[in-house]
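Got some structures for you, see below.
Same chain, two partners: subunit A is paired with subunit B first, then with subunit C.
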Partner chain A sequence: MNENAKARINGILLSTAHKIGLFLAMTVICLPGLWIVLASFRPTVEIMAKPPVWIPQDLSFDAYIAMFSGVGQGGIPIIEYFRNSLIISVTSTAIALAIGMAGGYAFARFRFKAKSSIFLGLMLTRTVPGIALSLPLFFVYSKLGIIDTHFGLITAYVALNVPFTIWLIDGFFRQVPKDLAEAAQIDGCTRWQAFWQVEFPLAGPGIASAGIFAFLTSWNEFALASQLTRSVNSKTLPVGLLDYTSEFTIDWRGMCALAVIMIIPALVLTFIVQKHLVSGLTSGAVKG
Partner chain B sequence: MKGWRPPAPFLLLLPAILVLAAVVIIPLILSLYSSFTPFRLTQPASLFTLIGFRNYVRILTDIEFWTAFGRTVLLLTVALNVEMLLGLGLAMLVEKATRGQRLLRTIMMFPMMFSPILVGFQFKFIFNDNIGLVNNALQSLGLTDQAIPWLIDGSLAFFAILVAEIWSSTSVFAILILAGLLAMPKEPIEAARVDGCTPWQTFRYVTWPFIMPFAYIAMTIRSLDVARAYDIVKIMTDGGPAKRTELLWTLVSRTAYADARMGLANAMAYVAILLSILFTVYFYRKLAAARTQIAAEW
Partner chain C sequence: MATVSLEKLVKRYGALEVVHGIDLEVADREFIALVGPSGCGKSTTLRMIAGLEPVSGGNLKIGGRIVNDLPPRARNLAMVFQSYALYPHMTVRENMGFSLKIAGQKPEEIAPQVEEAAKTLDLTHLLDRRPSQLSGGQRQRVAMGRAIVRNPDVFLFDEPLSNLDAKLRTQMRVEIKKLHAKVQSTVIYVTHDQVEAMTLADRIVIMRDGYIEQVGTPEDVFQRPQSKFVAGFIGSPPMNLKDAEVVDGQLVFTNGDRLPLPARFKDRVTAGQKVTFGLRPDDLYPAGHGIHSGEDADVHKQDLRVILTEPLGNETLVFSDFAGAEWVGRMLNPRRLSPGETLPFCFDLSQAHLFDRESGRTLRG
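On to the complex of A and B.
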C-alpha cells in the first residue's frame, strides 16, 4: 500500500469517527428532552407499561386538555401560574435592565477607585445560594407582609439579575467605540443625548439579549420561589410543577406536559439571542 | 462644599447598590445575627437570646454536616472538571464540523434552556427504577433483568445527580470554549504545524493557552450559580434516601423549613455562602490572570 492510499484511508476513518462522535454527543443532549415531549403525548398506561412499550401506540393531547380543564379534573391552575410567571419575569427583567444599563455604563465608560473590587463585590452578591438567601428573606418578607405577592418575588428577582446584567451590558458597551459618543458630543450633543442616540442603539441587541437572559433566570427560578410563594396569587410555573407530585406518586404525563409548556418560551427566546449572548460574555476576554 | 456633585459613576451605580443592599446585604446581616441565636420560627422571642458561637460549634462538630459538606465539594469538583473536559471535547467536535454548524450550535444550547428543576424532574423520570428510560433500555437489551435502584441506592443516586448536573451545564462550557476557538487567529496553528509540532503539542502549547480565558469565564459563570444543583437534588432525591445524597443546600433547607431551626440553618447557610464565594473568587482571579497573560502574548 502506498503512502497516498494510506493517508486517504486515515482521513476517511478520522472523519467517520468525527461524525459518529458528533452524532452521539447530540443524541445525548437531545434525548432527555425529546423523551419528555414524547411522554407528554402518551397515555399513562403506556408510560407505566411493563415490559416497556418502545413504539408509541396511542398519541394524544389528553394531558394538555386535562391540564387546562381546571382544578378537580386532573388539572392545575395553569393559567394563573403562567400569568404569575409572566408578570413577575417581565417586570423584574425590565427593572433589572434599567439598573443594569446604568451600572454597566459606569463600568464601561468611567474610571473610578476600586473599580475591579466593586465589580467583584457586585458579582459576589449573586453567588449567595438561593436557598441561603431565602431564610432571611422569608423572615423579612413575612414581617413586611409581602410573602405570596408579586411585589416580593419581583424585588428578589431584580436583585438576583442585576449583577449578571451589569456584567453583560458592561461587555456590550465596551464593544461600542468611545470615539463615536465623543464625536457626537463635539457635534453638540449632551452626554445624555449621545448615549441615547449613539451608544444605546449600537449596544441595543446586546442589551436585549442580557434582558432575555434575565428573563430566563426569573422564569426558571425555583429555590426562592418555592419559599416565598404560597398560593395561586403568586406561585410560578416551576413551583406549580410540584402540584403533580403527591406523597408517593407522581403524575408523570401531566408533569411532562407542563414541562413542555414551560420550555417553549425559553426555547424561542434562547434561539433569538444565542449569538449576542456568547459575544457579550466573551467580549473583553481577549481585550482585557 | 457648595455645588459638590457626586461623581457620575457613583450615581450610575447607586440603584444597583441600593437594590442589592436591600434584598441581599441587609437580609444577610440579619441572618448573620440570627445565626448567633437559637432562633426558631415557632418561638419568635428566641430571636433575642444570644448564644454566641454555639450554633457554629454545633455544626462544626456535627458529622452529618461534614458529610453533606464533603459531598457538596466532591460533587462540585467532579462536576466542574467533567463539564470542562466534555465541554472542550464538544466544542472541538463542533468546530471541526464543516456543515450545519449553526444547527449544531443551537442544539448545543438546548440544555441551557432547561430550568434546573425541570432537569431534576427529567432525570428523576429517566432514572426511575420502575418506568425509567435507563432501566427499560437496560432490560430490553437484556443487560440486566432486575430494576436497578438508581435513585434509592446512595452511590448510584449520587451518580444520577452527577449525570443530571453535567448534562445541564456542559453546554455553558462548550459554547464559551467554542467562542474562543472561533475567535482564535489561524496563523499560530499553521506556524506550529510548519515547525513540526504534533497535533497534541499544537493543542497543548498554542490552542489551550488561547482558550483558557474562555474556559475561566465559563467557570466563573458556573460558580456564580453552583447552588442551582439544589433544585436538581431537591427534586431527584431531596437529600434522601436516609440522607445518603444530602448536600449542604438541602440540609440548610431541611433544618430551616422542616425543623424550623432558623438560627442553626443560618449558621449552615453561612458556610454554604463562604463556599460559593471561595469558588467564585478563585475562578475570577484565574480569569483576570489569564486575561492579562493573553493580552501580553497576543
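On to the complex of A and C.
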C-alpha cells in the first residue's frame, strides 16, 4: 500500500472516530434532558421502576393537565411562578446588560486609575459562592423589608450577573477596532452615535451571549431564590419545583413536567439569539 | 476647500511631549505629505488635525478658523485610515453613504452621490458587497469613496497604502494622484514611504522626534536637504554619508583616504572643520555608466574595489569599498561585475553635500 492510500485511510478512520466521540459526548449531555421530558409523560410507577423501564409503556399529559388545574387538584400556581420568573429574569438581565455594556466599554476603551485592580475586584466577587451570601443577604433583606419581593431578587441577580457581563462584553468591545469609532466620528457622528451606529452592532453577538448567560443564571437560580422568596408574590419556577414535595412523597412526574415548562423558554431564547452568536462579523473591518 | 495652519502645535501625553510646537502652513488645494520614521509624531499630528487627539498647545486652524477644541464632526474633513476602518456590518453602499445619513440626508438624496463617487472609483459593481468580500485594493478604494462622498474641506490620509502589496501600492498611488487632480481638495498625507511622498506631494514635510526637519517640494528635499537626517531619509538607496575633516582644501576621511573639496564649499568651510560628506548613489558610478550634471572638472575619478552588486535590470547598485566604508553607487547601462573587481569610479562632486558634523545642518548657502 502506498503512502497516499495510507494517509487517506488514516484520515477516514480519524474522522469516524471523531464523529463517534462527538456522538458519545452529545449523548451524555442530552440524555438527562431527554429523560426529564420522557418522565414528565410517564406515571410515577414507571419512573421509579427497578430495573428501569427503558421504553415508555404509558404516556399521558396528566401531569401537565394537573399542573394547570389549580391548587387543591394537584396543581400549583404555575402562572404566577412563571410570571415572577419572567419579570425577575428579564428585568435583572436588562439591568445587568446595561451596566455590563457601560462597564465593559469603559474597560475596553478608556484608561483610568486603578483600572486593573477594579477589574480584578469585580472578578473576585465571582469567587464567592452565591449560597454563602444567602444568610447575610437574608438578614439585610429582612431588615429592609424586601424579602418576598421582585425587587429583592432582581437586585441580587443583577449583583450576581454584572461582573460576568462586564467581563464578557469587555472582551467583545476589545475586538472592535478603535479605528471604526474614530472613522464614524470623522463621518459626522458624536461619540454617542458612533457607539450605537458602529461599535454596538459589532459587539452585538457578544452582548447577546452575555444576555443569554445572565438570563439563564437568573432563570435557573434556586439557592438564593429559595431563601429570599416566600409566597406566590415572588416565588420563581425553580422554587416552585419544591411544591411537588410533600412530607412523605415526591411527585417526580409533576416535577419533571414543571422542569420541561422551565426549559422551553430558555431553549427558545437560545435558538432565537443563536444566529447572532455566530461571530466573525468583524472580519474585513481592518486589513484581512 | 481650505487652508490648514499649525501654529506652535504641541502634543503632550502627561509629562511626555511628543510634538514640540511645530509650525506649518498648508495652502488651499495643496497636497502635503508628512514623512518621517516611526515615532516622529507625524501620525499624532494628523490625528490632532482630525480631532481624534486633543491639542495640548498652540493653535490649529482650518480655513482660518481655530478648531482646537472642535470635535471631528465639526471640522468637515475626511480621513482614510491605514486599516481602512470600513464598517463591517454595512455594505459598500451603506459605508459610503454613512456620513450623509448621519448628516440627516434622505435616502433618495444619498443614492446619487454614492453612485457618483462609486463611478469615479470604479466601485459600482461592488456597491452591495460587504467589506469582508472585498480585496485589499477594493477596500482601499471604498475607504477613499467614503471620504469623497463627504465632499470635505480637507482629506487626511494615514498611511493608506501600507497594507497593500507592492504592485497594488503603485497602482493606488496613481489613483490617489488622479483623485487629487479631480477633486482638488487640500490633502494631508502621512506616510513613512518616501517614494509615496515624493511622487504624490506638492510639498513634503519631513519630521523627526516631534520636530519638523524640513519643508519643501520633492525636488527641494531631494536636491537641497537642510540636514544630514533629511539627506539620509530621502532617496533610495540612501545617500552615502561619511565623516571627514577639511585639511589643505581636501576632505580627509577617518582612514586617511582623500577626496577633493567640492568647489561649491571652498569658501564655506575652515581648515580642520569636522564635516559629514554626502553623495547620492546616482552621483557615484563606474566610469562610462552614469551621467554627471556639472562641469567635467567636478568629476573626480578614483579606482574602487567592488564588494557586491544588486542588479535591478535597467541599472545595477554597486557597493564598493572606499575610505574604510561601504559606498553605494548606481550603474546605468549595466554590465556584469564580479565582486573583488577593481574599476575606475566617478564621484560627481558638483552634486555632493557637506554637513556640519556637530549640528547636522547643511553647509551650503
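Definition applied: the second predicted complex is superposed on the first by the 238 of 288 C-alpha atoms of A that agree within 3 Å, B and C clash if a C-alpha of one lies under 4 Å from a C-alpha of the other, contacts with A are read in each partner's own complex, and residues count from 1 in each chain.
Simple rule for what comes next: a contact is a pair of C-beta atoms (placed from the backbone, for glycine too) under 8 Å apart; a residue touches a chain by one contact, two chains touch by 3 or more.
The structure displayed is predicted, hence computed values, not measured ones.
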*Which partner does A:P201 reach: the first (subunit B), the second (subunit C), both, or neither?*
second
*Touch check for A:T149: first (subunit B), second (subunit C), both, or neither?*
neither
*asked:* For A:I186, using the defined touch cut-off, is the partner it touches subunit B, subunit C, both, or neither? Pick first, second, both or neither.
replied: second
*Would you check which partner chain A:T125 touches, where first means subunit B only, second means subunit C only, and both and neither mean what they say?*
first
*Could you say whether A:P177 touches subunit B, subunit C, both of them, or neither, answering first, second, both or neither?*
second
*Of subunit B and subunit C, the chain that contacts the larger number of subunit A residues*: B
*Starting from the residues of subunit A touching subunit B, keep only those that also touch subunit C in the other complex, and list them.*
281-282, 284-288
*Considering the complex alone, what residue numbers of subunit A touch subunit B?*
18, 21-22, 25-26, 28-30, 32-33, 35-36, 39, 47-52, 54, 98-100, 102-103, 105-107, 110, 112, 116, 118, 120, 122-137, 139-140, 155-156, 158-159, 162-164, 166, 216, 219-223, 227, 238, 241, 250, 252, 255-256, 259, 262-263, 266-267, 270-271, 274, 278-279, 281-282, 284-288
*Mind listing the subunit A positions that touch subunit C in their complex?*
177, 179-180, 182-191, 193, 197-198, 201-202, 281-288
*asked:* Looking at the complex, which residues from subunit C come into contact with subunit A?
replied: 50-52, 71-73, 77-79, 81, 83-89, 98-99, 102-103, 130-134, 136, 139, 146, 150, 163
_So in the complex, the part of subunit B that touches subunit A is made up of which residues?_
7-10, 12-13, 15-16, 19-20, 22-28, 30-31, 34, 89-90, 93-94, 96-97, 104-118, 121-126, 130-131, 133, 136, 139-140, 167, 171, 175-176, 178-180, 183, 213-214, 217, 220-221, 223-227, 230-231, 234, 249, 252-253, 256-257, 262, 265-266, 269-270, 272-273, 276-277, 279-281, 284, 288, 291-292, 294-295, 298
